[in-house]
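Take a look at the structures listed below.
In the two complexes that follow, subunit A is the common piece, with subunit B as its partner first and subunit C second.
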Partner chain A sequence: MMLSHVSSELRPVVEELTRRFHGRLGTCVAPRSNEIYFHAPLDLVSGCCAHLYRNWNARLVTVFADDARAEAGVFHLYYVLALDAAHGFLILRAPVPPETPEFPSLANAFPGVNWQEREVQDLFGLKLIGHPNPRRCALHDDWPEVYPLRKDFDLKTVLPPFQGERHKFRKVEGEGVFQVPVGPVHAGIIEPGHFLFSVAGEPVLYLQLRLFYVHKGTEKLFEHLPIAHGVRLAESISGDSSFAHATAFCHAVERAAGVDAPPRGRVLRSVCLELERLHNHIADIGAICTDVAFVTANMHALRLKEKILRVNEHLTGNRLLRGQACLGGVRFDWDASQLKVLAGLVAELRPEFAALVQLVERSSSTLDRLQTTGILKPGVARDLGVVGIAGRASGFDHDLRRDFPHAAYDQVKVKVPVYQAGDVRHRLRVRVDEVRESLSLIEQFIAKLPGGPVHAAVGEVPADRAALGYVEGWRGEIFHWIRTAPDNRLARCKIKDPSLQNWPALSEAILGNIVPDFPVVNKSFNLSYSGTDR
Partner chain B sequence: MNLPALVLQLLLLLLLAPLVSGVIKNWKAKLQNRRGPRPWQVYFDLAKFLRKDMVISEHTSWVFGFAPYVVFLSALLTGLMVPMVHLPAPLSLFGGVLAVVGLLALGRFFLALGGLDPASAFGGMGSSREMTLSAIAEPALMLAIFTVAITAKSTDLSQMALSTQSATWKLLNPAHVLAFAAMFVVLLAETGRIPVDNPATHLELTMIHEAMLLEYSGRHLAFMEWGASVKQLVLMTLLLNVFFPIGLAGPGAGAAALGISLLAYLAKLLALSAAVVVVETTNAKLRLFRVPDLLSAAFVLATLALLSTFLFH
Partner chain C sequence: MLGILGKSLSTGIVTTSYPATPPDVSAHVRGRPEIDWANWKDARPAAAICPTGAIAYQDAKGQRVARLDLAQCVFCGLCADVDPAIRMTHDCECAARRRADLVAAAGYRLKPDGTHERLTSPPAGTPACRGEASAAPPPSVEALGRQIKRRAGRIFGRSLHIREVDAGSCNGCEIEIVGLNGPVYDVERFGIHFVASPRHADLLLVTGPVTRNMELALKKTYDATPAPRLVLAVGACGCSGGIFGVNYATRGAVDTVIPVDVYIPGCPPNPYALLHGILTAIGRLRPEHGC
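Showing the complex of A and B:
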């Protein structure tokens, strides 16, 4: 086993793990110092994940499958564990033979992977053993028995119109208990999702979510595009996180190719990520106020958001930073006058944002609505692996920018706001703190902006390389895992949007609250439908 | 009964009511740094609704189509019993303040039925919320008006206005101040304004009044909306002319006096609209279960007002 590649912080984990499992964990491959693969047998996975969770505080961030029947004669399951304290990822790769397409579920021990395991079952046809709720998830109940992410499923396949069983929601019964179906089509311009409330009067007893109405087969599409075109596709995974998703994709490709973005490109990348965070956080603060009918604050928030979007356009030619991400760095460099505009924006936003926060914080009627509403308890958040804003508001101290510094975050100190209360008020507060932090980060980045090119040539990426790209988007951590194929193409691209992780937490946060408080609780999470459905 | 007065007041109610809604919308937008729709946009909306086809759920009964007319007509009829620019009101013979409260309740009853009838989840929620809240709002309204009725020794609204007008003007009469405060809260609740309800929201789950209208379209919707704005105007007029009958033309007034009365009325109306706008822009909506607290406060104010009429008599 080659341990020389492994970072010094991860080495004790790897050594302890090898000892603990007497080398049964299989080959250890370390393509990058913070990304270690174990080729483990399937029956060891659950014990290994539990061990890492208990002893090393590892988080199971994503579970996915890869159809490697052509290359290795088996399906591969991947379990990505993040070790925040050791700043590294341990990835377990387990084979599933095609003749017995089934795998044991970890959802009882790790409820956070519930949906992801079912997604593997739906899209790859690998049967779950021991899952508490093994029903359809990513593909709806009326889909025929097809497995779209298997290689033998042609992208151009046209399926006959679906017939058969619609989804059966669980019944909640009792005197005076009613079901309130909401969606999938909603008022306002948002994407589809079905919420079934079981209510006794106004208090919510149970909330069932049904998503994946806009499943677009994005992961399959990546396998049919040249790698460079994937950047544009990644931008459209979740419209509000265009730059973060595209950058996570680029990050994965760069790691696979062994190319580093040049220093200036890395700094500009970080600035763009912060700009994306700024306009989304500020819009969310306004939207939360709108949902409790304090529209005045929203109007000010929208005004500030518009200023940021205009600067975005001035800097990159696009209000939502589309087209700015590219393999090897960022596409457009900024000259002195553009940097001055950016500095001007930060200087202008500081007092204006302070005024907006004051407007909200001094409105006692608004605070009354936000405090103690939609509480997500830290224990529940930890069990469900809730990430990003919602995780930090519920006591989960993590942030990829600090724990796994990507882009240029290794050059600055990122302050991460963490609260224990877990209510709407504190999800708002995390956003407020992060906006202030973003403004300060942008200033620091401008101050130490190095010269030189903004992107490096990536060239042809060697085939059959696996790499994990990661970015802390404004909503939470985004992962793109790729395996390359010959001719600069991808054999697999797994996309993990934070929304997929956080949706189930909404059902927990709303329990015991009243129906008219649901919109503001939902808004305080502000999860992406598109990023979840892909 | 004075037929020209009746026709004039009817026209005033029908034409002025949408404008008041429009003005409130426009001013709210201005206070929120928006340009906002023109004040007369509401007329165009109503005209559009009247022209449009109706989409009616097949699960509805006759109640669904009947409710809008009851809502609209009950609001209009109530309006004719409240003096607007001239004393006495055209229908003052009819029954006084009890009839006003009763007619408002009739309109609300059918509004709630109309919300329940299509059996959609949102309509049912809206109706249930409306009924819960009006169970407290209605007694507060009655007590507040009775306070004035006791001073005037009559339940006839014109008589009450006349008495407030002719009595030595006591603005700071504690009974009147308390009753006015109670009535103002009831006004906010009954017209579905922030902090009780949000008339501008698109969030079905938070709605009260709008939830009951979600299934309505076309002509039905026009009458529901128009009825709601007439009801709003009636309640505002009640508040203005019972508590501040300044400039209100008495019996047998000439054209000039009527003109002045109209101007005074419009000025008072705009002032009250401005107060509503300020409350709406500076407050968030209350949590639904806190609204009864607000309405109970109004009820307590009205009770205190009633008590103080005896105490300070």
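Showing the complex of A and C:
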């Protein structure tokens, strides 16, 4: 392997790892300086991940499979490890022969991959060995034995009506213990999912989550669309993160094609990501207030959100920034009058947002409900690999914008708020700090907006290239991993929304809290069901 | 407390007067696409670039039938980028009572190279959008706004209760629906309330391609809603399955699972489009609904 292709920061890790496992690790390829692949045997994966975790503080950010039986005669498992300090990714690829379709679980050592491993088991029919809870996850219990992400399963398969139980919940027993089932259709205007609370009196003893109600076959669908159409599909993975998901997808394709977005396009990308962050954070601040009955604050928040959505529409033609993402940059450039509107928004939001925050901060009854509610302890957050807002409110000092600068984030200094308390109050605080930072970032971006085109041509992408795209969305880190196929199509698109990582943390944060506080705790995480279920 | 009051007073009224006044949208907004059928030279480039299949065609014996289906359209504008006969309008209020009203199809005689020689049959049912000529023009939005108080008053005791059901959406539609409850669109000024249970609802606002996993929940929600009830399919996915279509995990359009009274296209429909759809639905209440 040519170590010269590896970034200087990752090189020591790669060298040490190769030494440590002397030659057993298999081929190492470095398609990009911060994205290094090891073709490792399956039995080495767990030791390798543990080693990287212990010695290099690596995070196992996603585990997924790829049906490469046609090309390589095996399934491939991928383990993506982020080395935040070295600003790079190490990816282990391990073969699973179709004759013995099974793989060892890492969930005991890395609880954060618990659901992801089960998803592999459900969608690829690869059996988990040694998993603490190997029940179905992505497919509900009433589904027949099908493995939708195998290549020999047809996307358009019509499955017979489902029968039987959706999900067998664990029993919680004891004197005075009640079960409270909620969902999938909820009381508010939110996405569907099922929560089963086990309570003794008011406090919650145990919360079981049942998701994947909005599983739409999205990853499979990507394999059936031309790459360009994939951008539009990516916008519909999670509506609140339309631009972030589409951009992560474009980023992956651009990396596979070896094309860089032009400077102006990268800046506009960053501005759009900040606009998305702004409207979601402000809406969340309002919604958190509503859940503790401070509706007036929410009305002001909705008013501000509306201002942002209107500017989005003025800049991109769509209030959720849809249609703006494109391969190679962004689709629409902004003229002077549009930029003036954007600058006007920032100027207007500054005092307006300060007033909103003041309204909340001065309401002692609101703060009383938020403080010490739904605590996620830093140790638990770290074990679960919690990312994004929830991670930062529980001591995890991390943000891809700073640690893996994409788009134009290498040109600014992103301040990352980090708190240790991990309660609803501090998840709100992270949002407040980030709104202020977003406003300042947008200002910095427009102040030094370079000229030139906003997108580069991305021609035909060569087949059988793998690439990881990443974006820090407003909720947390988003990954899209692709493997290309001939004729500008994809053989695989793996989507990792931060929600998938963070859901289990909600079950931890709610323990010991009272059921009436669940809505506000849930809102403080505000995870995407669609992003999780895909 | 005084601070809260002060803030409200200093903010003043921000509520739109829609539908008395037209939607206040940007000059850059992308509404529904419009095809200049008579001068359309070739349906193929637009069909190839359209991500959802909203523009599609079928050729047989030197003839082509080309169509635009607003129920599938996500208003992305890609077709207008490649085809001079297509332009993106600012019109977002596209709600229709019949699925077929959202489809416009035209016939062409083809040249040997596959381009259109001439229009042989102009679109019969043009999309039932505002400002469009159609067989029975829908009442203007203003008129609908006046009707709503009268009809809703008669049938629902001056209040209409809506239950929102996400049957598989990406949550984009939900972002805009939440906006209806905000101070700018303020749906309560019409006596319309969002309620927590289908048992309290007169109208179901359903989003998403209906996933296999939500199919049963949607049916149960529908059954739990007392008659007379109305169902609105929201967004490209709710109207047609959208970009997701029908696959192993989704059933596609809402009307494959429960009967739909009004379709609201868009991706997502903006709050004006949603209001327009809800007003359209109430205008539709006739004796066949048991009232």
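Note that the second predicted complex is superposed on the first by the 532 of 534 C-alpha atoms of A that agree within 3 Å, B and C clash if a C-alpha of one lies under 4 Å from a C-alpha of the other, contacts with A are read in each partner's own complex, and residues count from 1 in each chain.
Please note the rule applied: contacts are C-beta pairs under 8 Å (C-beta built on N, C-alpha and C of every residue); 3 or more make two chains touch, one makes a residue touch a chain.
The structure displayed is predicted, hence computed values, not measured ones.
Contact with neither subunit B nor subunit C is seen for A:I446 once the two complexes are overlaid on the shared chain.
In the superposed model, A:E202 lies in contact with subunit B only, and not with subunit C. A simple residue count on subunit A separates subunit B from subunit C, and the partner touching more is C.
By the touch criterion stated above, A:L159 is placed in contact with subunit C alone, subunit B being left untouched.
Of the two partner chains placed by the overlay, only subunit B lies in contact with A:R369; subunit C stays clear of it. After overlaying the two complexes on the shared chain, residue contacts for A:D291 are found with subunit B alone; subunit C is out of touch. In the superposition on chain A, A:A187 makes contact with both subunit B and subunit C.
In the superposition on chain A, A:H300 makes contact with both subunit B and subunit C. Contact with subunit C, but none with subunit B, is seen for A:R322 once the two complexes are overlaid on the shared chain. Of the two partner chains, neither subunit B nor subunit C is touched by A:L339.
Shared contact residues of subunit A with subunit B and subunit C: 187-188, 296, 299-300, 303, 363.
By the touch criterion given at the top, residues 178-182, 187-188, 201-202, 289, 291-296, 299-300, 303, 363, 365-366, 368-369, 373, 514-519 of subunit A touch subunit B in their complex. Those residues of subunit C whose C-beta lies close enough to touch subunit A in the complex are 3-4, 7-8, 11, 14, 25-30, 49, 51-52, 74-78, 88, 164-179, 181-184, 194, 196-198, 208-209, 211-214, 216-217, 221, 237, 242-244, 246-250, 267-268, 270.
Residues 31-34, 121-122, 124-125, 128, 194-195, 198, 200-206, 281-290 of subunit B are the ones that touch subunit A when the two sit in their complex. Interface residues of subunit A, counted against subunit C in their complex, comprise 140, 146, 148, 153-159, 162, 184-185, 187-192, 212-218, 220-221, 225, 228-229, 232-233, 236-240, 242, 283, 296, 299-300, 302-303, 305-306, 309-310, 313-320, 322-323, 338, 355, 358-359, 362-363, 528-530.
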